[in-house]
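Have a look at this one before I ask anything.
Chain lettering (A, B, C and D) follows the sequence in which the chains are written, and residue indices restart at 1 in each chain.
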Amino acid sequence: MSKLLSQKITPSPMPAEISVVDLIDGYFTAYNSARLREICHLLSREVMKEGVTVGLSLSGAMTPAGLGVSVIAPLMRNGFIDWIISTGANLYHDMHYGLGLDLYASSPFLDDVKLRQEGRIRIYDIIFDYDVLLGTDAFIRQILKAEPFQKRMGTAEFHYLLGRYVSEVERKLGVKHPSLLATAYECGVPIYTSSPGDSSIGMNVAAMALEGSKLVIDPMLDVNETAAIVYSARESDIPDVEGKSAALIIGGGSPKNFLLQTQPQLHEVLGLEERGHDYFIQVTDARPDTGGLSGATPNEAVSWGKVDPEELPNTVVCYTDSTIALPILTAYVINQCEPRPLKRLYDRRDELLAKLKADYEAAKQRPSHPAPEPISIGVTKQPVATYPCGTPIRNSRH
Amino acid sequence: MSKLLSQKITPSPMPAEISVVDLIDGYFTAYNSARLREICHLLSREVMKEGVTVGLSLSGAMTPAGLGVSVIAPLMRNGFIDWIISTGANLYHDMHYGLGLDLYASSPFLDDVKLRQEGRIRIYDIIFDYDVLLGTDAFIRQILKAEPFQKRMGTAEFHYLLGRYVSEVERKLGVKHPSLLATAYECGVPIYTSSPGDSSIGMNVAAMALEGSKLVIDPMLDVNETAAIVYSARESDIPDVEGKSAALIIGGGSPKNFLLQTQPQLHEVLGLEERGHDYFIQVTDARPDTGGLSGATPNEAVSWGKVDPEELPNTVVCYTDSTIALPILTAYVINQCEPRPLKRLYDRRDELLAKLKADYEAAKQRPSHPAPEPISIGVTKQPVATYPCGTPIRNSRH
Amino acid sequence: MSKLLSQKITPSPMPAEISVVDLIDGYFTAYNSARLREICHLLSREVMKEGVTVGLSLSGAMTPAGLGVSVIAPLMRNGFIDWIISTGANLYHDMHYGLGLDLYASSPFLDDVKLRQEGRIRIYDIIFDYDVLLGTDAFIRQILKAEPFQKRMGTAEFHYLLGRYVSEVERKLGVKHPSLLATAYECGVPIYTSSPGDSSIGMNVAAMALEGSKLVIDPMLDVNETAAIVYSARESDIPDVEGKSAALIIGGGSPKNFLLQTQPQLHEVLGLEERGHDYFIQVTDARPDTGGLSGATPNEAVSWGKVDPEELPNTVVCYTDSTIALPILTAYVINQCEPRPLKRLYDRRDELLAKLKADYEAAKQRPSHPAPEPISIGVTKQPVATYPCGTPIRNSRH
Amino acid sequence: MSKLLSQKITPSPMPAEISVVDLIDGYFTAYNSARLREICHLLSREVMKEGVTVGLSLSGAMTPAGLGVSVIAPLMRNGFIDWIISTGANLYHDMHYGLGLDLYASSPFLDDVKLRQEGRIRIYDIIFDYDVLLGTDAFIRQILKAEPFQKRMGTAEFHYLLGRYVSEVERKLGVKHPSLLATAYECGVPIYTSSPGDSSIGMNVAAMALEGSKLVIDPMLDVNETAAIVYSARESDIPDVEGKSAALIIGGGSPKNFLLQTQPQLHEVLGLEERGHDYFIQVTDARPDTGGLSGATPNEAVSWGKVDPEELPNTVVCYTDSTIALPILTAYVINQCEPRPLKRLYDRRDELLAKLKADYEAAKQRPSHPAPEPISIGVTKQPVATYPCGTPIRNSRH
């Protein structure tokens, strides 16, 4: 439900030479092309400005396609992405590039039984040797033995450590373009995953656990850290600039929900009043009507308090393949926007979490905080809906 | 099932300045972005060459979005499209641009009851006044009274006449960029529609019929003319250049089938041996599994003889929004390809139809032609499948 | 946008024995299952009542799957479908069943090059011999030589004649269950197609035209006949029962638009005040955002006057495969509804068309009728939108 | 790629009374209806037999729709589901039913800003009070204080404990039909989630962590337990009955991958030779071509060793809404299959994990086990692909 742009359509014939920006501005006039144009405009005109904290959720096979190196890494390096929630698979396959292993663009119409016999792996139309998996697995298991991994940690720290080792290998091997993990490590961009055991990374961590590794991944640290990041997004640290939070959702799935649930975590569970993300931008092929959260709309998210009701005009969903939309919007943004200073949220995690914890403690002390009685499970209907802390849910902000 | 391209993926960071061609070549590496890249390559390297007759089928609201003027018209003018099958709606809404009427890019989330009250029409996120319809209708009814329309004709001639009048109005009004209809008229590109009564154009023709108009649209002329075009595509008229037929399918629907059925018309019905289209390129969001012809694959088309079995590598289906893919592939092709001389197939319709008819008559005279006996409806299973003329269906071309 | 049904969800464990009706009523609680339940309820409680004229549009490979015989025919015979708009393909493949030819349920994952070599045709997961096509084609060409076909006609009459011959063959061959075409003939249900040349039926008609057949299919007769049917739907001929028009849309494509355009034909083109269809029920996999009319919503149709603004609660779109939804809703309706008397609209076509024509003539005589001046193409913006006859478009019905 | 069923289509008219089984067997003949029929047949004829261990992955809003109570619970109670991987959301919303809270079937077209103001939550077309969330949250936080939760555990144990408390509440409140969680607790069906922090359950666990709770959810326990379950599935404990593993995938997302990755965990990471799941049955709307794992096909899974290459005929994907397919296949299976004895895998987790660990230790001791050298990251291409333990990957099983 992007801002109503009612402008006359004035088509002109496609010239022989045209820039990406002019192609989008002049020829993406309707349907999903118009949504993609709106995303480009919203990003370049509002989101990629100072004061906005940008969270990216990443699902779908983006890094196998090389988009970790070609698109996500430069976005981070230009300060356009402040924190990330990714599937484990996107981080695992990103490592192949960091380790100098080869993936191939091929066809989706191959004979998988034959591929299996030949020791080749297929991700739709991407093909690589089984050795790529085995080599990456061996690398992971090797570094997991190192001292820094012998403790309980969240996934931001875990991926930061992975990134450090991958970065080292890249330097050693002379890998030309840094991977997503290495870049995030260098730029202080924290990367979370909502499903730490789900991917070959998790599989290898689990194998090491069978061998006595002391590494424990604690998902609840992630829940609180991500809530703390969004909580702090309101304070821009820049005079006269209002802090805002943007959710940039590539695909859907568990990473999408993990990015969005930060807001209900703040108000529904922790009782800290909050207003929802200010920007909701999604590229997906999932539709709202078939039951998945992937396709749930910004509007539905408003009813949950995940998106601020007053910010619906700042939401866009484009239904197309991310492998098409992501390079296009990146080309647009990198061309049109000044790089932003790195926020280095990774380094500030402790500070942000401490602030969240302190405010939560304070909210609990407030006398109005009602202790809902779980014994009498039948929750009596209240005349006015309230936050857990007892504050009535505001009807409007006036 | 595009040609197997097994090439190493070598991602490099997105630069601040990048051309459309480099964006596609370097960043469209997998999934539907790779299909779109393959379409660009197939078009620019093989299809837009001499000797290839290119048929375009057009469905979905392309002209309301201005793409008739901005994309289809320049493709025609550069000789890249030789004939067209379009929905009536795309031709009707193209006329708005030719008549200087205004359409607006807006939002898909408007209140339609309110729009109805205000006299505004919505095509998803495109809005315009009801007067745009009434004005276009009045124009159509006015010109339909002219003498050239008082007879039986196919839709190519009908749209040619429409294009002539629209072209005149464009000149009179000083419309800057010509419409699809006017351009087709000028370039001799015949435009067919598979459903002549289905659209506001048909509605107005029908209204005039109530008033005594002598115009009769005969769909069977179209069936035979389009078959004749494809039949003649084999002869390139250029020494040492094999004639080929390309099907470029935007969307799906009835225009897709009408474009593809030309081949079965030649061999299944007319008994003229044929081999199917050489190129099958489709942009659609329709999937193969839900029952519509829109989503039927090039492979399935092979079983019907719509696509040559040996040409499967020259087929690509990209599942994305046409409003995204069409401007992109047009920018690529117009940048990368030399303009081709206009074939002006409109002017050659009589000649091509005469050739088809003569060869059909000849085929029927051949002694091997079996008259299938419809009395004994139960068709007995033949050991070897044959064409209607009795020729066994070749297993291979050797 | 079906009627708001806010009822408590009260799930109970699935029993070992359950009827289709109870399965739908009790277990189809949300998402597209709830839309399918709403369709069942809307059909059985409101649509399949006296006074409602039900038009069916049919696209997608329904008859190849046998659903013409198993589902559409019994719906007609019970008086639940009054008129039909079908793709030609659905009528062509229906004939196979009438002619006693065999189709097979198979797999969608076959080798089409091999199928082509073996003389087998594939429609996704349905397989049959090439001879089935040749036999059906031969039958069509044989009967097309008969006297009744030697004239200009609309598709209702054309399909009626086809149905008569198919019906004869069925009797002769002892085909157990009548085809869609034969049933429509027997029940007086007129069947239109919006694209008469698009399908093997059209291909054979075109071939006969090459041989001198006098048959001309006139699509404009169809446009006016279908508008006349919808126009007359307002008069139920039953005391105290308001006449209503229902659009039951299976799939989308050109048949959908042809069914819906009847309303704009009445008010936008003919200047007869009208209010839009009263029921809009669609089963499709086409989404609103990708440019096709197939996915256009009932809401958008309101802005065009295709659907009555006050009847939005009587619209439902279910996004699922028609091959799933159609048997389910048929089982529900045939179980829950009393058969309705046959309207035999085929027999009343002349009468209905005469009424339409007379009212059109009368409307044109009204002094308020403005002759829009096509010379001054620039339609001046009017303060109040009007119908072609000059009547202002009502803002509300009060 | 289900088994090739080439059977003649013999449609007969829909009768007024028809059972669910006859509806599916007789009228689901093609496209996705045929896939749904194949799922029903595969489940009832092969999967729901002794010796087959059935894992269910659950994503999409199934329990909000009541399907946890109405469909999943009875499937478990009949012994048809042996273990589950679910999104957290499905377990959280299932608790509402266990706690006697009310959810309502409504419309997807409501005004979310208004809903937010009224304190109502929307999941597409399901509506409930914000108090339902607050009450469920309060219940979770209350029981999390209990002693059994003060330790590190996997999600199977965590959900088992949740189920025990929910079961108690159900008894106390007189809830008529048990929830998914309570039923799993009673039947010893272990429930895993791949994303423990992602959902309101995780959010509340995280909040308790801020307050000093000792509960740590360890995802790696889950990775190893689920691998152990699949590893043991090969041993049926029944004489002359081969043990098999079935993956029943509702939706896609992270649960799908977590269910399927058990096989690569066994051979790729742990070096235990394995052959992939024997049955792969999925209901989804996700297509293979847009980058998500949700739409990845059984064929692609073969290349990864997730599915046994010889079992491709035992794989079916049905593209439709789970809310439609799940009640239908459940009605079919419960009607057609004898209940199976409960496997109570929850009780056997320690035993199965010990077996896995012992075999892993043994495999590592084997002299052929190559220690891949992560120092020399550049994995040298081996002439023959091997498992981590050094065993060449078999080309065939002979």
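The definition used in the following text is that a residue touches a chain if its C-beta (ideal position, glycine included) is under 8 Å from a C-beta of that chain, and two chains touch if they have at least 3 such contacts.
Since the model is a prediction, treat every value here as computed from it, not as a measurement.
A.B. asks: Looking at B-C and C-D, which one has the bigger number of contacting C-beta pairs?
C.D. replies: Most contacts of the two pairs: B-C.
A.B. asks: Would you kindly tell me how far, in whole Å, the mean C-alpha position of subunit C lies from that of subunit B?
C.D. replies: 25
A.B. asks: In whole angstrom, how far does the Cα centroid of subunit C sit from the Cα centroid of subunit D?
C.D. replies: One centre to the other, that is 41 Å.
A.B. asks: Residues touching two or more other chains, restricted to subunit C: which are they?
C.D. replies: Within subunit C, the residues that touch at least two other chains are 30-32, 61, 65, 123-124, 287, 289-291, 319, 321-323.
A.B. asks: What pattern do the touching chains form: line, ring, star, complete or other?
C.D. replies: Here the contact pattern is complete, since every chain touches every other one.
A.B. asks: Spell out the residues on subunit D that touch subunit C in their complex, using ranges where they run on.
C.D. replies: Per the touch definition, subunit D meets subunit C at residues 1-20, 23, 26-34, 36, 61, 64-71, 73-74, 77, 97, 102-107, 109-110, 123-127, 176-177, 319-324, 327-328, 330-331, 334-335.
A.B. asks: So in the complex, which bits of subunit A are touching subunit D?
C.D. replies: Interface residues on the subunit A side: 59-62, 65, 87, 89, 99-101, 108, 112-113, 115-124, 129-135, 137-139, 141-143, 152, 169, 172-173, 194-200, 202-207, 209-210, 216-224, 227, 251-254, 257-258, 261, 264-265, 268-270, 285-294, 296, 299-300, 302-305, 309, 312, 321-323, 356-357, 360, 371-374, 377-379, 381-382, 384-385, 388, 393, 395-396.
A.B. asks: What does subunit C use to touch subunit A in their complex?
C.D. replies: My answer: residues 30-32, 35, 287, 289-291, 319.
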